[in-house]
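In this document, chain identifiers A, B, C and D correspond to the written order of the chains, with residue numbering beginning at 1 in each.
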């Protein structure tokens, strides 16, 4: 790369999982909008054809008259080719297929265990981690080999254990996990300000202290100018506790019509703990006792959030494949849109083109002093030329300490279990999960079944 | 006090709750057996008559021909009289009456919540704490006023929050909580050695690393001479998992016939976590998910431990009152017996008459680095002339980290709630308890009912 | 205060030491240049007349046609009047007179101890602290009483112990110490970039990780865009080690012609330790062994920095008094100038009008994990609406760990000594200072003499 | 090994440096006095003949009629032979010859740097470490290979960096450093009790809290029964400050007539810092500013301790060689004597034959929370069957924090420098040493000279 009067040119981004139908197009759009970074995006995917399609589509974005930058997209046959010389690496993969995810999400239902997402925690999240982490090990080793100095941005779930594994395999990696869930809560707070007569506040103007782990993040401070938003939120929760609040703005985003929530879980957690849970309700519920929000599909309806069936994901994938074909062939026009993601700005900040403080997932080096060092946590961090440094988030407050430590301990066990191919330790984590509230025998039976269901992607564990 | 050729003479022990029918007699017996400490035991109790009876009984112990020491027992009208000049203070009180305990233990049953003891954690333990801690505040202030340099030994439950409150009120107090539950597990390990051909091992010979909080302590190391007992225990658990093991030796102790267990909970926890839980099953079960061991009286039977009904405690109290009357009037003879408690030896060690390493409950100053500083924890400690110093116990292993942190967080909240008379914070702790797995509304209804039931002892919270 | 379309209006700043001849005028200039904050500056000074003069001068700044904001300056008779209702408090006082400073700086010379400044560490800094901290206690109590929610910016030296004392007296204070010394090193690095063909870099573009204590701060990272500046600095040091580098830009600043340095001390410290010391050489030298840089005035000359004699300060004060009179009477025009201070922008960021990451002195809550919690340290911090949060600085590298811990321990002792009026502890700190390399007897004699010399301001210690 | 009615039989101790003329004989004597451990001592030495002589002498000890145990001594040709099957390993070697030590101790004198011992810190200790640590690496690797489960007791200086290196090379090693210097201070306190009318106190009865690093240990608590010894020590110091106190009992020990001290340095440090330094004055002085106690031989005389010239060591070695020959040939009788070392009892405790709390050098896992984790520190520890666990020592008090951290930082740098064969880092440590108070140039010249002098043993650094 080189710094020029255009900003930075000849940058190389390696995109692992570059055949993505959906998320990749958002990145292309965001890159097209940035006017001070230019270069190459190397698309690598185990589905080479998908990567090649995205090469075509990506170059269409660059060719748009409103594109402000000059990016060349290129599918690569090998991961080494993508990574060599990369300044940034993006990891956004689907571990296994939706068949495995079907087992993750739906196999536990026979024990009365329902999961809204099943990709982060819960029985599904844990099994998903087991099959993902060996893949991540491979990627981490390739990064160490091909581009050890590159910045690595992970978007894949389960984010925490993936980010941790990247560091475990290659301790000097400069990796972070990037997630927009907190933004939704900032928008909810902006909506609340609107209800209180302060209109048109942007989410970035809500300054929050973020603490916790990905998808189970909490705000311990939220300020708008000189207004402490906690007292206002307390009233807001009491006002809307029963019916909830649907965040309209969120609904505009393409995927939210199937993923939305009315924030009732968030409000219940505020009543219980006095802090603002800051992720979508579907994720939050999965970190709590199963009996609270996920006892049955009826209860989930009453709490006004959705269980995302894997059948929907399968159908949606077909739609996206069709859209991909449309884009590639030109029957569907490529369009530059607002994604709301921070990724491209984070890249710019790391290049020294701007400076920003935003939430990110990285190993705990003390930003949360009462969580284990090395555990991957989500807090604010400062992105500045060549450095990403956590902002001190403070201790997890006592009220929510037990919730977060439970999640952290599970993640630490899962990472260790995967690293050592140790299914016994994985079972300890599984049986201790808040949704898996079963006798030791039942937990074992379910665990064994889910392993069996997904064994094609777990061969590493049975060598 | 003074050091003489007889050891230490003119020692003064203040016994708060000195009217006890039962535990006090054990202390009298242990003091009679020690040959190098002598002095006065001041008995204070809100039931003055009970203290006076124990004055008579205590002096009978001293008068026994086999008594090796010279102790004078004296009931005092005021707590100040008992404490002034005391070198040691023993706190062993019953907070409230068994009527309050009836609510603690049985009120939650209508929500399907069963408790084996109800004095440590669970809804009962939390409510008990709320009424006990203001009493402890009073005692701590009196200690600061009357005998700030005395060593304070607490035997009262809930032990952790009481010990913490003593330090909160009077930070320079030299207090510790003393509990024999770990000894039972050492005896179980000795029994196991017997099964493996190594007979007659004494519990003190089993060297253990103790870690956790009172009644939820764990062993991370257990050694006999050069034998690591973990592999042997693993086999032992598998062999006895279904039928359990009743520790015969334990049964000889007077109260164990109503309190025994077959260690099946302990074995299940070993299967789940790989570490040796080291307290009675009745206590251990209360720290776990309710569904695991305490789902119903039938499940409890199957796990082979007992729910102690408060009706039994009420009957037992009558029996003990009768025994007290018998002792006092001479119709029942006083006898020196083995109690298995460490208390008197701890006193001797603090006086520099011996040296010992044993488990104790004191604030965490780093002996467990991954628990909050200041939280009261149970680990080994060295008792040496004038000093009690924790032995470094190490980090809580990841496998059980979430279990212990949940207990610690609850205890920290309960202490804070009591200190600030803050029932909202108490409710946060209550609703987050592993046995109280209820909706926010149900949790609130139960909490309110239990507060109402015991309000006579909660007046401080409603000023 | 209120937020309007002009930014924030009706802000109140209390300026303690508001009669300052010099520093105050810089603030006035900076405030006049900011276009989005407006309000009142209350000037309090024990020299009421000086404050009144600055009231006149300040209002002259506001009246300048190029002033972008609307600030009203008002001298107050009492500190309470100044503080009541204040949103921000600035503390910039001279503790004692230059007569006391004469003893601080010059009394040790008879023992071969030379000090370049004598206001931070060394025998002079310690004695200065002893007389300053009781004043700071008074101010802290008044802030707690009159404006407990105000942000408090301290500019007074010794900065570390003052900031610590503010927190010690009023733990909920929102105070920080603000110092521009690091900026000089950023400018030196910009100069170095110029030598390497990269011209016109602004100091803010040099992104640094700041770690240490005030006036003894170090850079463990320094980046410009994607350039790691450490290898370049290594060459720069070797090239200029002998003759040094005089930072021209610095010289333009009014006070630097008497305070400048050629950075030879900085270069020597880099050779010794491999990290970039980031304060003026006059300050750096005082934290090192006396023999290294301050052995004699001749050595100081050879190291190309200056010992600032107090006689110069006395003369300079006369000049500033004359200038004050000139400004007040209109014979010298008020002018808006660049001060290079961050203070006004920090105020704007705390109001939510911008966001910034810059270095600041606040208690260690973990931003430097291997320094004692609670010690005041200097690191980067994020200034955002209503919150000031340290950026994680990392551990002090082993190479300089002993240097920093020595400074920290001294400061902790001095704060404790002042708080408890404990001259014995103050002596322990004094005798352990790196410049006071004397026998216990000589150290005591010097200490006693310096206490005697300044006893008029130490009455608190002899009550 | 096996446990029998005789205690433990068939134990194997590997003694690295087993050709020692002096220290080995003490061990033989201590083993002969223990009645419950028996087995083989394998003597390995690079001087095979010396080991063979000790084989003969050791078996003479066993043959003594008063010997209570049955130990067979055997010289081995290879280190592997000695280590294989060992239950315990003792490391007591001389790194290099007294010629190298002559450079360590005397080369710095031309810069006015005097060292009393030169084996721990100071320029001599650092250079000695550089040549020793590669040897220790080799030994650690051999232990990992041949007897990874053995307990390893190091007696060699510089003890701290050696113990640290053992752990660095083989992290699972069960090693500790063993030193009797603290005992001398306990004896001094017993002497003080005698002066105060309490006679015949044994050193073990003085219960102390030990904190610091080897040869720079401090007592923060010292108790005899219920007596706090600090106030008594304060008076004792004032009484004896000028003339000092020669500990008579110490003088009986064979080597103390050349190594004694009158404790004036200890008293001066108490005056300065208020804590009891607990090592011989010769060692303590080397950790302080050179100007305080080691400015010149005359000053050393005035402080009443000795500089041990290496010429004396050379002569003494000749004497010991003669004694060895005498013992071997039977002209000098072998005798069982009191050594005062704890080593054999530590072995017995680790075997579960007794239990003890004593001071030991092991990595900091939190026993001193305000020192870096992993740094080797000296504190009390509990020796119990199969486990060695530090007793929590508490934080280094602020008064002496800077002293200890300076020593720790030096040791951490030296270990790192040796591990990486990095003489630049070694120089940073060297130039920062409190005795090396030189300009950067002079420090470099001295460093280079000392390296040159001892280069035969530093070949690893020049590959």
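One rule holds for everything that comes next: a residue touches a chain if its C-beta (ideal position, glycine included) is under 8 Å from a C-beta of that chain, and two chains touch if they have at least 3 such contacts.
Quick caveat, the model's predicted, so the values are computed rather than measured.
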Topological distance between subunit A and subunit D, in contact steps: 2
Relative to subunit A, chain with the most remote C-alpha centre: D
Distance from the mean Cα position of subunit D to that of subunit C, given in whole angstrom: 46
CA centroid of subunit B to CA centroid of subunit C, Å: 54
Subunit D: positions in contact with at least two other chains: none
Interchain contacts (touch definition) - all pairs: A-B, A-C, B-D, C-D
Subunit A-facing residues of subunit C, complex: 1, 3, 205, 207, 209, 221, 223-226, 228, 351-352, 355, 357, 365-367, 369, 380, 382, 384-387, 389-394
Complex contacts: residues of subunit A adjacent to subunit B: 268, 271-274, 289, 291-292, 370, 372, 398-399, 401-403, 405-406, 408-410, 412-413, 416, 425, 428, 431-432, 437-440
